[in-house]
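Shared chain: chain A. Partners: chain B in the first complex, chain C in the second.
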Partner chain A sequence: MRKVSIWEVLFVPLFFLLIVYPILAIIGNVTIEGMIKTFDDPIFWDSVKNTLITAFFAALLGVLMALGFGYFYIFHPGTIIYKIADFMNDLPIALPHTVAGLALLLAFGRNMFGFIGPTGLAFTLIAVVLAMFFVSYPLAARTIASAAEEIDKEQISVARTLGDTPPKAYRRVVIPLLGEAIFSGFVLSFSRSISEFAAVIMFGGNVPGMTQVLASYVFTKVEEGEVSMAVTASAFCILLSLMLVIVLRLRGRLHARSAESA
Partner chain B sequence: MERPHRFIGIIGLFLLVGFLLLSAGCTQTEEAPLNVYVAAGLKKPMDVVIAKYTNATGITVIPNYGPSGGLYTQISQGQPCDLYYSADYNLIEKLEAEGKVSEAEKFMKEFVVMTVSKTGQEKGITTAANLTSENIVVAVADPSAPVGVYSENVLKNLGLWDQLNALGNIKTRPSTVNQVALMVQSDEVDAGFTYSSTAVLYDLVTTEKYGYDLSEEIVFGDAIIKGGNEAGAEAFRDFVRENSVEFTQYGWELYA
Partner chain C sequence: MLEAQNLHKSFSAHQVLKGVSISVNPGEIQVLIGLNGCGKTTLQRILTGILDPDQGTVSIGSVDITGLPPEDRRIGYVPQHTALFKHLSVRENILYPLQNGRGSEETFHKIVKLLSLEPYLDWKPHKLSGGYRARAALARALVSAPRVMLLDEPITEVDRAKKEYILPLFRDVLLQLHIPVLYITHDPWEAGQIGTSFSVMKDGVVNRIDSPEEAFALIREQARSNGE
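After this line comes the complex of A and B, so read on.
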């Protein structure tokens, strides 16, 4: 009889209990009545639309910024800018979300940015994007930075000796090699952005139909006591995230297969 | 080969013991801490009263502050609570209908007021009708906080609600009354609808106070939850009543 390792004994039941079971609890609590109520609510669909659009742009911005960070990491690792950016990359994650929201409000609200409008940048969809970007940027940055670390520096040196300037070398050699990391960085940021609400409520405004996102829709339904609608909206969120993860995995497998056959 | 397995086994054991201890801690009965769920707007005076109570009796009181609607959901889903202070007596009646309340009473009367920030004052906002001008920024709490529901009632009864929404002047719907007050205080909005007590707590300028004909009766209530530490809850509730001056100094009136 094969000796069972301690990893198998501990990991499998704990994983099912702590990760899979709560997700099943939500999906298992979805009722037809809840689904009808929720899908009939135009505010629900508004929040879905707002969430998808803002999270997309937040993730896009996050990836672009992360690529910028990658540039400094490869070509100017000794500079102050890189050192500060590297140090602060993980700061937004350490900040409690309401604090992040308050920080954004005080920084970009009308007291500092009043020239833009009566509320500054606050309480707009742009604010929602900024709040989502703020909390999800570290994920994109970490993904791309660790992929950049794996790149064979020789390829870059060769490009440089052949006459490429750093930006050209970055564009023509590094970024194509980072393709996989860019995609997974985007998906991670997107997923993280979908689930953010405390910062979004504070800075974005949470006005139903205008700046309310799916996460705060669920929150409001819970607080209103409309549990069946909250469950439906949560299950919707879960399915969305699940689809994203599946897409990521399929991409990974396709990529690996094409790399093998190459 | 043996040592790593033993090490991991010990970690697993610690985790298990940790879980057991955490869950067992809640069933001790001697001098058990009191779980009190309190509407966020009552935080400042309640903190003072809790400190007094612990000083006088040595009993630990663990407050859980939040929007009354969220606290209602927690209690309704069975989270351990001994005493519930709600900013909306309707929520207590809901719990009574669910059979979760052992004893409830109306505690204080509250009113919705319109508070105006520095910029709002410069813009000349003195009455709710002023809010329908252009470029006015208004904060109304989300309906998950009772003050949000009451504020909506006021604006609907004044015939301004639809107009304000069409104009898009309600730029933010935060989730608690304290967040609304914070936004008025930091001048991120022109006007916000809060309770009169919140305005006092945050030192805000109040320009209008609305009667119950506009907002509906706003009664803060308390409820002793069935199945909890009912004796302890009753003792604390009576202590709060004796020290109601901590609350009335902020403008609340006792519901006699």
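After this line comes the complex of A and C, so read on.
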């Protein structure tokens, strides 16, 4: 009889207990009544719309910034700018997101940006985008940088000898070769953005119909004692996340298949 | 004329180039022979402008190009593994420099014909054999109307039987240009097939030699002293 490893003994029950079981607890508690109440609530649909729009723009900004980081990674890896940017990439991962939200509030709130409006940029959809971007950008930057590392640098050298300046070589050679990483970076940033709560609530606030996103909608419904609505909104979030994971996996498989045939 | 004078380059404490001087005349295919790891690639990177020398100058004609970036040097470069742009077809690869105002459609057609690349223009580079990839990389560099050609072991991926056919073809095409050509290789046989003059790189310096056989003897001696 095969000897069972300690890792198998520990992993399987703990994985189901700590990861699968809580997800099933949400799904199992969805009720028809909760679904009707939630889907009839225009504030819920506003929070869905806010989540999708702000996460889209946060991911877009994240990918654009990550491409900027990739440029420094390829053409100026020895510069102090690159070294600071590389170091700072890990900071939002280690930082409590309430701290990130407070930092954004102090930087772009009424103290520094009071000329824009009474709260500066705080408690607007722009604030929500910036909060989501702050916490999701490192994922896009790491994805782009690791893909850039794989590119044959001789292609860039050749492009330069054919007359390309570094920005032109980046646009004509590097960016097309980063296509897959750009897509993955966008989806990862988008996924991270839709799940963000602390930084969003600190800087963007939780104004129903205005800056409320799905994560803060769930929090509000729990606070109001509307648990069935919180559960339905949570199950909706799980569905959304699952769809993103499936898209990422399918794309990864298609890419692997096309790389095999190449 | 391509001329490099007294080039020095070190990486940390390791001195790779110890005063390299080299000169190549128009219409000359000078083959630089050296063992792997002797500094040939460092020299190539300095000549193309990818790397700055610690000391020394590079000039084309009488113009000092040492401080110029690669895009302003007009050196046609064919690297070891061809570095064709994977996302572009063979045609798009060869026409690449035209978007930078270099070369012409007329030159494109002429070179494609000379190198027998017509049937493969719409192929992606990974579908080509090693020999045709090398031809496409050479065509791309030639279309850019270079003042100097630099080929760094361009047919490494080609087997010996095909090399016997490709090398004379490359030689004919390169001689037609009547510009300085520096061809880097570690293979004295290959050097003999394509070169009109020869030099050898050893211990961080370059010396002119009369024949590739001379390089072969020097390399064998160096390999023996390295215990290879």
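The rule we apply is simple: the second predicted complex is superposed on the first by the 248 of 262 C-alpha atoms of A that agree within 3 Å, B and C clash if a C-alpha of one lies under 4 Å from a C-alpha of the other, contacts with A are read in each partner's own complex, and residues count from 1 in each chain.
Heads up, the rule we're going with is that a contact is a pair of C-beta atoms (placed from the backbone, for glycine too) under 8 Å apart; a residue touches a chain by one contact, two chains touch by 3 or more.
None of the values given here were measured: they were computed from a predicted structure.
Q: Quick check on the chain A-based superposition: chain B and chain C, clash or fit?
A: With chain A aligned, chain B clears chain C, so fit.
Q: Once chain A of both complexes is superposed, is A:L177 in touch with chain B (first), chain C (second), both, or neither?
A: second
Q: Any idea whether chain B or chain C touches more of chain A?
A: Ranking chain B and chain C by residues of chain A touched puts B first.
Q: Using the touch definition from the top, say if A:E8 reaches chain B (first), chain C (second), both or neither.
A: neither
Q: Mind working out whether A:N111 is in touch with chain B, chain C, both or neither, as first, second, both or neither?
A: first
Q: Under the superposition described above, what is the C-alpha centre angle at chain A formed with chain B and chain C, rounded in steps of 10 degrees?
A: Computed angle, apex chain A: 150 degrees.
Q: In the overlaid three-chain picture, which partner chain does A:E150 touch, first (chain B) or second (chain C), both, or neither?
A: Touch status of A:E150: no partner.
Q: Tell me, in angstrom, the smallest C-alpha to C-alpha distance between chain B and chain C in the overlaid model?
A: Superposed on chain A, the two chains' closest C-alpha atoms are separated by 35 Å.
Q: Taking the stated contact definition, name every residue in chain A that is touched by chain B in one complex and by chain C in the other, in rising order.
A: Looking at chain A, the two contact sets are disjoint.
Q: Show me the residue ranges of chain C that touch chain A in the complex, using the header's touch definition.
A: Going through chain C, the ones touching chain A are 45, 48-50, 69-71, 73, 75-77, 79-81, 83-87, 96-97, 99-102, 124, 126, 137, 140-141, 144.
Q: Within their complex, state which residues of chain A touch chain B.
A: 5-7, 10, 102, 105-106, 109-111, 118-120, 122-123, 201-202, 205-208, 210, 212, 216, 219-220, 222-225, 227
Q: Hey, which residues of chain A end up touching chain C in the complex?
A: Listed in rising order, the residues are 152, 154-155, 157-165, 168, 172-173, 176-177, 179, 262.
Q: Please output the residues of chain B touching chain A within their complex, sorted ascending.
A: Per the stated touch rule, the residues are 5, 8-9, 12, 67, 69-70, 72-73, 76-77, 94, 119, 135-137, 142-145, 168, 170-175, 179, 182-183, 186-190.
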